[in-house]
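Below: a set of structures, written as structure tokens.
Each of the next two complexes has chain A plus one other chain: chain B in the first, chain C in the second.
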Partner chain A sequence: MKSSILVLPVLLLGAVLLSLMIGQVVLSPLQLWTGLWSGTGPGALTLRVLRGPATFTAAGAGAVLGAAGTIFQILLRNPLAAPDVMGFMSGAGLAVVAGVAFGISLPLPLLSAAGGLTAAVAVALLSVRRGAVMQSSLTLILVGIGVSFLASAASSFLITRMPPQEAADAQRWLVGSLAARSWQHAAQVCGLGALLLLVLALQVRALKVLELGDELAAGLGLRPGRARNGLIGTGVLLAAAGVAVAGPVPFVAMMAGPLGMRIAKVTAPGARLCAAAMTGAVVTILADVVARSIVPGVQLPVGVMTGIMGAPYLLWLLSKEAEAGEL
Partner chain B sequence: MTHTGLATDRLSLAYGDRIVIRDLTLQVPERRVTSILGPNGCGKSTLLKALARLIVPTGGEVKLSGKTLGAIDTRALARQLAILPQSPRAPDGITVADLVRRGRTPWRGFLAPWSEDDGRICAQALEQVGLQEMVDRPIDELSGGQRQRAWIALVLAQDTRYLLLDEPTTWLDLAHQLEVLSLLRQCNRDHGTTVVAVLHDLNLAARFSDHLILLGADGLVASGAPDEVVTEDRLRQAFGLDALVVPDPVTGRPLVVPR
Partner chain C sequence: MKLHLGLLMVLAVAAALTVFVGVRAAGLADVSNALLAFDAADPAQVVIRSVRLPRLVAGLIAGAGLGMAGTVMQAVTRNPLADPGLLGVNAGAAFAVVVGALVTGYSDGGMIAVLTFPGAAMAAIAVFLLGGARHGTAGPVRLTLAGVALNALLLSLISAIILTRSDVLDAFRFWATGSLSQANARPLGLMSVSLVLGGGIAFLAAPRLEALALGSALARGLGSRPGRVQMTALAAITLMTGSAVAVAGPVAFLGLIVPPLSRRLAGHVLRRELLVSAMLGAAILLLADTAGRLTMPPGEIRVGIMTALIGAPAFILMVRRLKPGAFA
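So, the complex of A and B:
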């Protein structure tokens, strides 16, 4: 199988360009180019204030979510295992909503990280049966889906107690939204993302051994429990970094890995993670482009679009797993 | 107790509350092929895992060169002793070459790049198992026998003095079982590797091993050379099996013929 490494960077560049061009007003690449260098005209405004920040926030959020999803999919050997399915993102979302509701003035990435990690610990603890922590991946995923519903319900409950305007904003954010993103958001998710991806790069070798199974990994000199916890930590933090700027956007984390693997034709964990990050960015950017241009004059939250794309994929995946006897 | 090689000293092992091995003291002969035999549930695999430190003893200890296994640094141990678990699951789409390269893990520094030595040892391992022509093939496309040889190449690439294998012949047809066991025999002959395998088939074990460890429901029944261990009395004791033991017409080793 020949890997096609260059496809994804090209797709990503294309998606970024498309996202900068398309919206209420369609701009030509030339208008963008003059806007970029002259600093005046519609191109400049669109680049600097309107579409630039949203595009780069989408790219950053999509990349961290894609990488996060793939970590769990490799660790649990199941395409359903992703932070959006398993409640880590809903947990992060709940923490942010709670922070707003109770006026806790912590930075959003910290709040969402705390929420995501709490959800992960909850899933782990609730999956424990007869002392064995690592149950079958299906158990963990099902418990995660339960935790996800619980966190979403708690978020909805908190929103009902907010003042109307705040409640509307929070509701929109909880779907996954890139509206009114600034360069600060873009810098935050890209900066945190780069840092966490660097940490992840150092963990890839452990992941390559871990995916051979715990016993073989231990035989090869790894401490499987410790390595796995480190990877779970990185995965949850990556997902939380995405949630902090874009809300719990559904399905990007779950779809990006398998999709990227097929587009780039790669199988090794490091390459899969790279492909997933780029695919996540492409999917999120494109979903946002569609979300803001499909209904004239209305900007839909990006999460509505990823939901529409992701739900059929999930159903297809479930039917495939049921056929294979995994469910 | 000697201070060389792999040995157990009053080793007790349990799964949860169930004790499977009690007070077992034995020595694995150096530079020999040893097979662990016994009925289902007697603790064969458990013993093998304890020898590789995959499970912690409830009593006694496993020693390697006189040192308690638990006191040896994880990576240092992985450079001396490799274990191939029973029916390992390959990651989707992984190629033979990629799988075997992962066997070099304990020898590579944290950020050390892939070295010429690593490449040479992997190539050697692939040649030993006869898969040098298939390096770029995904594991899932190989036959059962080839797949098992790829896994063996992975532990060979680990380049250790001790090689432990948990039922390496399960799911293989007779021809492939012979192929895998000959391969292990050859590793032992060419490199002096101490091989310990859990096996099901008494006749194959007797044919390919220098030393047998026979376990019964109540612990060790016998250990020693095949013709000392595979006797009618001991088979009855370990398996409750009524069998005739005759010399194998091909090798002269003991051959079990159930009555």
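So, the complex of A and C:
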């Protein structure tokens, strides 16, 4: 099978262009081009203030979420294992909401990272069963779903106690939203994302070796436990970086990996991660384009769209896994 | 008998708390006057008659309905994680009502009654088919994930519809997370009838449902027709869940936590379990609602959030209790 990973950058460019063009007012590429260089006219305003920041925030958030999801999918060997399904992103969301509710003035990425890591540790600890030699990945996933329920309920609880306007904003954010994003958000998620992806690049070899099984990995001179924890840490931080700017957008982390693998026809962990990051960006950008243009005059949160796209995918995945006798 | 008396006492306490406790505490005289010699000029009596009593009735309908629906679901699927909320049946009922309101512009009691049941039925059928119930018993993992997916889809669609109309944000909250605060605007009379109907069907069919839980082959051997029994179970679940959602919105987790408790109290006899579930469900819902009202007066925490706060840890506990074989 010939790899076609070059398709993805093309798709990404197309998605970015589409996202800049489509909205309340449809602009031609020419208008954007003149706006970019002249700094005046509708093109410039759209590019610099309205759609540019949201588009690049979507790209950054989608990329980190896609990469994060793929780390867990490879580690747990299960396409259902993703930070959105397993509650890490709801945990990150809860921490941000708690920060706002209690007036904790820490930067959002720090809050969301703390929340995501706490949720991950909670899922790991709660999944330990007496007498079980190793936690099955399905136990982890189901416990993760439970943790996700709990974090969402706690977030709703805190939101109820906020003043009405703040509560409405927080509610929207918890669905996953790119409304009112500035270049600061875009720079934050792209910067943090680049840094974390660099760390991930250093860990790819370990991921490759871990895929062979713990015994073989140990034989090859790797400490499996430590390497796995490092990868989990990077994965949770990547997801948290996405949550900090876009909220806990559902299903992007779960969909991006398998979708990217199919589009790019790659199988090696490193290539899968690259493909997942780009696919995540494409999916998030396109979902946002649809979310803000499907109903005239209304900007739906991007999370509503990824929910509508992702749920059927999850159902399809379930029926396929059941046919293969895995569930 | 002792068990039922005890449960009735608990339920009576929960009901009394609902009626007497609140931002404005009511006295015994207020309540008896509101019931027997109503004086519309007395604000205390008006509160009881137009706010607290409807709230009590809605809590009884929704609590009993969800408790029994969860019990039937868990019995039929032999799955301890089954719950009308988690499996998307609640969301199906809510979705149908929201779509109906969008298309026709009406959301009165009759409209709700016409839509909530088909919505619940369609979601129940969908989740059981997608969750693999066709091929024998539905495994807990697959059924739960199918429910998660269906819930996510329906809730996304509900918010997509509602967020296009900024004037109905409060309505959105009701159809996304259940609450008893709009009880006096809900079709209480109609829904208590459908609840009794659904409960009656479940009660009459209980022995056959139990036979079905042994597996379709065995059930057939015992002389029952699995297809027909499944349809009966579906009808009961639909009527009970639909009534609950119509008066309280989608309240999750109640159908998850009530059945194991009632199984422990009543033993493994479905008819007794159903009776206990109805009382226990209503009592838990009313107590959770009262707790939600007392947490932050004069505002309140929606009862759907309260049940989720109790129910999510219970869900994790139940996952940990699943037998290793259940994952295979």
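Here is the rule we use: the second predicted complex is superposed on the first by the 323 of 327 C-alpha atoms of A that agree within 3 Å, B and C clash if a C-alpha of one lies under 4 Å from a C-alpha of the other, contacts with A are read in each partner's own complex, and residues count from 1 in each chain.
One rule holds for everything that comes next: a residue touches a chain if its C-beta (ideal position, glycine included) is under 8 Å from a C-beta of that chain, and two chains touch if they have at least 3 such contacts.
No experiment lies behind these values; they were computed from the predicted model shown.
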Can A:209 be said to touch chain B (first), chain C (second), both, or neither? first
If touched residues of chain A are counted for chain B and for chain C, the larger one: C
Which of the two partners, first being chain B and second being chain C, lies in contact with A:16: first, second, both, or neither? neither
Which partner does A:310 reach: the first (chain B), the second (chain C), both, or neither? second
Looking at A:254 after the superposition, I want to know if it touches chain B, chain C, both of them or none. Which is it: first, second, both, neither? neither
With the two complexes superposed on chain A, say which partner A:149 touches: chain B (first), chain C (second), both, or neither. second
Set of chain A residues, in rising order, touched by both chain B and chain C: none
Show which residues of chain A lie in contact with chain C when the two form their complex. 80, 85, 126-127, 129, 132, 136, 138-139, 141-143, 145-147, 149-150, 152-154, 156-157, 160-161, 168, 175, 250-251, 295, 298, 300-301, 303-305, 307-308, 310-312, 314-315, 318-319, 321-322, 327
Sort out for me which residues of chain B touch chain A in the complex. 49, 52-54, 74-75, 77-79, 81-85, 88-95, 98-99, 102-103, 105-106, 108, 110-111, 138, 154-155, 158
Name, in rising order, each residue of chain C that touches chain A in their complex. 81, 130-132, 139-142, 144-146, 148-150, 152-153, 155-157, 159-160, 163-164, 169, 177, 253, 296, 299-302, 305, 308-309, 311-313, 315-316, 319-320, 322, 324, 327
Help me check something: in the complex, which residues belonging to chain A touch chain B? 1, 74, 77, 202, 205, 208-209, 211-213, 215-216, 218-223, 267-269
